[in-house]
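Per-chain numbering from 1; labels A, B, C, D, E and F assigned in written order.
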Amino acid sequence: MNDASHPSKPAFPQPVSGTVVPRFGDVATFMRMPLFRDPADVEIGMVGVPWDGGTTNRPGARHGPRQMRDLSTMMRRVHHVTGVAPYELAKCGDLGDAPVNPASLDDSLERIETFFTKIHEAGAVPLSAGGDHLITLPIMRAIRKGLPPLGMVHFDAHSDTWDTYFGGYKYTHGTPFRRAVEEGLADPKRMVQIGVRGSMYSADEKDWAESVGIRIVHIEEFFRLGPDAVMAEARQIVGDGPVYVSFDVDGLDPVYAPGTGTPEIGGFSTAEAQRMIRALDGLDLVGGDVVEVAPPFDPSGNTALVGATMMFEILCALAPAVHRRKNRMRRL
Amino acid sequence: MNDASHPSKPAFPQPVSGTVVPRFGDVATFMRMPLFRDPADVEIGMVGVPWDGGTTNRPGARHGPRQMRDLSTMMRRVHHVTGVAPYELAKCGDLGDAPVNPASLDDSLERIETFFTKIHEAGAVPLSAGGDHLITLPIMRAIRKGLPPLGMVHFDAHSDTWDTYFGGYKYTHGTPFRRAVEEGLADPKRMVQIGVRGSMYSADEKDWAESVGIRIVHIEEFFRLGPDAVMAEARQIVGDGPVYVSFDVDGLDPVYAPGTGTPEIGGFSTAEAQRMIRALDGLDLVGGDVVEVAPPFDPSGNTALVGATMMFEILCALAPAVHRRKNRMRRL
Amino acid sequence: MNDASHPSKPAFPQPVSGTVVPRFGDVATFMRMPLFRDPADVEIGMVGVPWDGGTTNRPGARHGPRQMRDLSTMMRRVHHVTGVAPYELAKCGDLGDAPVNPASLDDSLERIETFFTKIHEAGAVPLSAGGDHLITLPIMRAIRKGLPPLGMVHFDAHSDTWDTYFGGYKYTHGTPFRRAVEEGLADPKRMVQIGVRGSMYSADEKDWAESVGIRIVHIEEFFRLGPDAVMAEARQIVGDGPVYVSFDVDGLDPVYAPGTGTPEIGGFSTAEAQRMIRALDGLDLVGGDVVEVAPPFDPSGNTALVGATMMFEILCALAPAVHRRKNRMRRL
Amino acid sequence: MNDASHPSKPAFPQPVSGTVVPRFGDVATFMRMPLFRDPADVEIGMVGVPWDGGTTNRPGARHGPRQMRDLSTMMRRVHHVTGVAPYELAKCGDLGDAPVNPASLDDSLERIETFFTKIHEAGAVPLSAGGDHLITLPIMRAIRKGLPPLGMVHFDAHSDTWDTYFGGYKYTHGTPFRRAVEEGLADPKRMVQIGVRGSMYSADEKDWAESVGIRIVHIEEFFRLGPDAVMAEARQIVGDGPVYVSFDVDGLDPVYAPGTGTPEIGGFSTAEAQRMIRALDGLDLVGGDVVEVAPPFDPSGNTALVGATMMFEILCALAPAVHRRKNRMRRL
Amino acid sequence: MNDASHPSKPAFPQPVSGTVVPRFGDVATFMRMPLFRDPADVEIGMVGVPWDGGTTNRPGARHGPRQMRDLSTMMRRVHHVTGVAPYELAKCGDLGDAPVNPASLDDSLERIETFFTKIHEAGAVPLSAGGDHLITLPIMRAIRKGLPPLGMVHFDAHSDTWDTYFGGYKYTHGTPFRRAVEEGLADPKRMVQIGVRGSMYSADEKDWAESVGIRIVHIEEFFRLGPDAVMAEARQIVGDGPVYVSFDVDGLDPVYAPGTGTPEIGGFSTAEAQRMIRALDGLDLVGGDVVEVAPPFDPSGNTALVGATMMFEILCALAPAVHRRKNRMRRL
Amino acid sequence: MNDASHPSKPAFPQPVSGTVVPRFGDVATFMRMPLFRDPADVEIGMVGVPWDGGTTNRPGARHGPRQMRDLSTMMRRVHHVTGVAPYELAKCGDLGDAPVNPASLDDSLERIETFFTKIHEAGAVPLSAGGDHLITLPIMRAIRKGLPPLGMVHFDAHSDTWDTYFGGYKYTHGTPFRRAVEEGLADPKRMVQIGVRGSMYSADEKDWAESVGIRIVHIEEFFRLGPDAVMAEARQIVGDGPVYVSFDVDGLDPVYAPGTGTPEIGGFSTAEAQRMIRALDGLDLVGGDVVEVAPPFDPSGNTALVGATMMFEILCALAPAVHRRKNRMRRL
């Protein structure tokens, strides 16, 4: 990374080192990075979306971003397996939180979309910390502007493709990807959902998602195939086009992420998740998120540590993608 | 209570005794009372309203009714100070939970109002367990039908008479009593708020409530006057007309009720609260609630025990009021 | 399941859906099913046994049934792997809790046996939530009446076949299966215990169980063989006769079930447990239980969620067995 | 204390100082005192009674002695108000735990009585850490041998003078003092109970205790009179005869002692309790206990700190009483 | 405050309002104020000192500043009793954390002193969040430069005037005020310590502090005199000279502040503490701190809320003092 | 083990059985073994080192030894897989805690070394409970006297071979093995570190350890090879010479050991750890430790149970080594 082809590197901010300022010290920002208020100042913006108005069961994900910032101070600079040094590849920063309105679901969806539209228009790529999974919908509405429908690699215990809840209500954290497909934000043929499980309301519940072409890897199939084979197929499915990665921590077994709204026992492990995220390497990632971290349900804080580490893992796949796009642009 | 004038008494259901079925045993209903689905079956209906969609800070009050049912099994039959035996004075039961919609604030307000309207039309009186404080608004909309604006005895750290939040939004748990006054549900001249405290956004913040005639007893005044003098004045303020009592557990010091959404240090004690509720004796109570019990923020469960005990204390003031009205009716 | 041969189906009660009433709403019954007080009203009765008087270490399992009811509201209607819809195959309901006596071990054993005898005599099959493991003894005394000694599939970290404790005392949660064999309730040749581990008091500690023919699959053997091979052998061992399944949550690694009285590190996972329970399909199950959920030792509540999910998994093996027996009866 | 009349003083063991060994260091014994196995080695023996077999509600007091030992390392040597230095007045030590049998209530009562009889016969005085309140019964059976019926100062939210539970069972933590009076262990005319409160099963519930002459100071009367007046009366009631002091931590408000089996809101404070115990000075104390500390219900550990501090407060009243009796003996 | 004499007011930053950005939103700074890195940018600098290297018992106060920042977002702008609007009287901001060295006590003391010296030299006044109580020593070393020995109002369960620990070690959180007096940083004749209590190592333990003239108000005296009389005397003691206020949360009863290193039962309440801090009004305050908030020992977070509220209370006494000094300077 | 060649066996103390004294009973010592103050009384001494002064992140490991003693009462006498009965092979006991000085890192290192030197000089072998990982350095300084540089099997998420922290400070829990190699205490060619993972400060971070010959098995390699192959290699590396085993609980995935100072997700399981420790059988072990158990970060206590079980596993490899050395000596 020290070569002449990367002259702008020294200008990129780096995280504060824990051997200089102890990890528990100072104001907590994502990954101990500087706080910027103008998205034009970064290439990758880490954003909190403190909102759980789409939650149908246990609330608390609104407190996720702050605790993920706190625990993200455990992250260091270089990925110990891939060797990726994300802060040298792209200018990263904390962009603060998207504005939300706890008193209105509709208004919150608009505020979030507006905030991410500004990021998108400034040319930056977002890595978000939820919040419940409904936040992914306004994020996708914002960032896919000017792009074809996105591919998705989606880690979750639930497909989140229900139609309506509570008598016709179309927006909850159980519906975002039905809406995303309906609105043309995501291309169902390029979507893969990994880790889905749990008892169902009816036997035909899986039909819609699979009928539109979404590939669902149920947890039993995941255990049979293993993470490498699953990701090999996932890479084929999403292909070369722009891809969004969404990591719902309830895809993990609840022992790894008890602090979440709709836990479902029998999930994958953090080690398996890390292995899968590392397999995103080389995809044309245009954004990502880690959602459903609900601190009130995990007094140990481990869920937020898991969430922050998954953000770092995604960042180590996202920064090379941003860097590649910069290089392509430069060459043109 | 064993006299001939009370012939219907044996027909009233009584709580299961803890010397027969241990307190931790069996399905948890409010006060170990039978569950009824038809409000016509009771004179006093205990209702859960599992909804926190009006919460602007820490959510979780949606889990309040269930844990209050669990802890209410610690309650017995007879009040140890007043000697009131509420289940002999009025037919009481658990009416289950009001329907709510986590995905829509507006729809939830309607569903709650509709549910309580049925209770009101059946001639029953509700004692509710929240949920956040916004639930009191639809309850009052339902039960004051056919009555003059209600008087209120309101225990709280906050006046809950803000106008709007987040840019013009009129419904949060910080606004219900502004709306109640505006809609004529409550008579501000007959309202008293006890325990208000905490830093303010602006110096004129208290103005609206006091300008319309609400009597606010700030906590400092409460400590100076003591619970007896405060309640003597409160009884004068609400007078002989119909009165609703609303107990927000954040009126208590947070050590007694850590499991709440907007804790404010420096409040009154449970012993003081009990003393105040006992002073409601003789008022023409038409309903009551205990709100803002948010179990995720209290791993000890003590907040729910406090909430359940306050429900029992209110019940011991409500049941005599119901009994008096029955007697009046009978005499007519 | 929609065929004409199952005409009584519409009459069976179904769980309340979480898309209609949110999961946190209303009085908590097992699986959100109706509460019946007469066992003649059901074919499969879910029963709480809130008793831990046999516990030699950390108590608290008496609180298990109530929290398992609470968390069981996360369960839905159809098994996502097997497609079994248990509530369509058998009439299920919550039968409340068995009576217990915290002040007397002997009296509790009698009360529990009497309660389950009524269920058995009414022709219903019990699925129980403990309580400590000693409860399985009076349950087996009740339900094996009129049957040959039962086969058992028993998941546990401990063999629970000690002879006596504390100087000659024969009844603790460490002894039930010694007693069950001695009393002829269970056929040791048709018993398999899976997951046994942990340091021992003496080298010959395993001798009794194995000397009478019980097959013990220690955890090390389990890890070597895998769940499929273990269950293939287990099915052979229990054969075609009536079988009882008992799931002690301490068979799981404590990370999945910290809320238990005698945790032993190094156990199997929930995913492995689910795989094993699913392999019970086709056996002639006559009852089952999930025991040793002790909520005070798990502030997260995950243990109770695990327990409730295991109850659902067992139900999905038990309901087809009940259905098959009904069909056999009908044909006769 | 440094006078020649107290020559044996240097021989008495003293607690380890926290300025030498940090408070969190080393094996935890009561008050950091040496462990003795022979009661003849001490004048005051601190004893754990790890048993909760009499508990009718939430168990866990069996874990009380160990956590009280742990937290008692916060205690120092000299009382900061009275100046009493208990370890200079009497030879104190930790006597370990009384033997108990979790599998048998009757056998446990016998084992506990036998253990305390040995202490009593060795001439030592016990200061015990429960365990539930039923342990006080076998302790009193042991230590009042050779003495007239004891006076009692009893701090509690409950009178613990119920007759039977669960259909005729005479021994639970709700009955010990009915039994103690019936057996002539305690003189009801010399018994005072302070802090009693909470709803009742029936209006005549208080009758038995008061009919036999026990003075009950309900919490409302306590708040009216204040700790000094209450204790002045208590001292008159118990008079000059031998007195046992029993401190149930549920007499305190649950905020001070959430870790207990039957919390009842609205109790006295620790400061008030300390003031009351200090007023025991000069009474002829023959033993004491602190009971109902149930650590599983208090993750903060504060209840055990409160319990350990109350033990120290009682010790500072008990040691002078022991010292006075020694002096009286010496003079004879 | 709106008068012409205060022209610079609009330029002062104000906290973000919770009716605009919800309280749980965005990066957490003290009181939701801007973060400045140059002390010359503020008149009052809020500083974290994340260090507990002087702790002799339970560590964790190093995590205090971050959680106090988190909970301080509950604070609003105007004091509800005094009407003080601190952010209009002085330019306030978050200055981040002082540098510390977990691996060296001596180096940490130097780093902290250096950091506060810069604040002092820039003309700013610090309001600090600890950290254990030893941090007050280097703070005082820094800020009293150019001033006479400071007066102190010190709230604490302990006098913190021990000489040495562990065989001659002079620096722990039990010794700072002995050192401060020895070094001439504080004038013992102008020091008052309120709330001291707890058992002692020796009867003459209090002698040093009182022998040099420090006024110790033990908790028993506090309860007897009440907060108003105590503070009237305190104001006389400190007089007109410069005063530092130090609030150790263990002065409070542990129910208000369980998250602390050396809890001592029987303390004052938060309401009493607030009343006392408000009585600092008019003193010539030159700095203050809130120390010993140790989040790991309080899963509820209430201790940090208490700590943050006490910071706000102190700020409302400190800002007028700063404003008065500005006015005096301006007039010269 | 019952043969004549082992005549001293009956003299060895054995743990108290949980079928005699319940597990929660009595003073807690390591493994329920007697407490000795003279190391000459034992062959294997279990020692607590309650010190976390080297901790750079979350403190609390000073509380580890006491809680590990508490939970170690769950251990029994005989290893269920290997059949090893350690207390018959070597005379074991609890030696209490090493002296430490919370106020001085340097002094603590000296005190610890002195204490272990006494153990070593008495001919005993230590099995220690930390404390943070820096304690291993003074232990090794003490016990390798008279021996060649030790081999090490080291389980950890971190290599702990950093050079300095916070500007030149050489002693933290991130540096002990750099120091151990520099001082010739350990032979880097005979050191293996298993489970290392986590993001890095710089890409060349691993260089030093590997450059001096330490074999690092990163977690990814561990998952690929499996525990058996890893340990086969580890045995080859350490060879026949004296070996020290150090088990940092953060080598485990944090779900197994949340109570630790520097958790790193994605580690090995307890079952895998047990399998690896059992593979130490036959090595010439001269001591071992389990470190970084920080109870304040694990309210469930499971981390301490894991730690205590790992101590028992190590003991079952250490006791045979001690026994073999005794036999060799005897034969000479």
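The working rule: a contact is a pair of C-beta atoms (placed from the backbone, for glycine too) under 8 Å apart; a residue touches a chain by one contact, two chains touch by 3 or more.
Because the structure is predicted, anything quoted here is derived from the model rather than measured.
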- Go through the assembly and pull out the chains touching subunit A as well as subunit D. B, C, E, F
- Over half shared or under half: which fits the residue numbers at the contact of copies subunit D and subunit E, same or different? different
- Message: On a CA-centroid basis, which chain has its centre farthest from subunit E's?
- Response: C
- Go ahead and note the Å separation of the Cα centroids belonging to subunit D and subunit F. 41
- Note on the structure: Expected list for subunit E, residues touching two or more other chains, is 22, 24, 56, 58, 62-63, 102, 165-167, 255, 297, 299
- Task: Pick one for the touching-chains graph, please: line, ring, star, complete, other.
- Result: other
- Query: Between which chains does touch occur?
  - Reply: A-B, A-C, A-E, A-F, B-C, B-D, B-E, C-D, C-F, D-E, D-F, E-F
- Note on the structure: Given the complex, residues on subunit E that touch subunit F span 52-56, 58-60, 62-63, 101-105, 107, 165-167, 169, 171-172, 296-297, 299
- Residue ranges of subunit C in contact with subunit A within the complex: 17-20, 22-24, 74-81, 83, 85, 255-256, 269-271, 274, 299-302, 305-306, 309, 312
- Message: Looking at the complex, which residues from subunit D come into contact with subunit F?
- Response: 21-22, 24-29, 35, 48, 50, 62-63, 65-66, 69-70, 94, 96-97, 99-100, 102, 299
- Contacts from subunit B onto subunit E in the complex sit at residues 56-58, 162, 164-167, 174, 197-203, 205, 218-220, 223, 253-255, 258, 262-267, 297-299
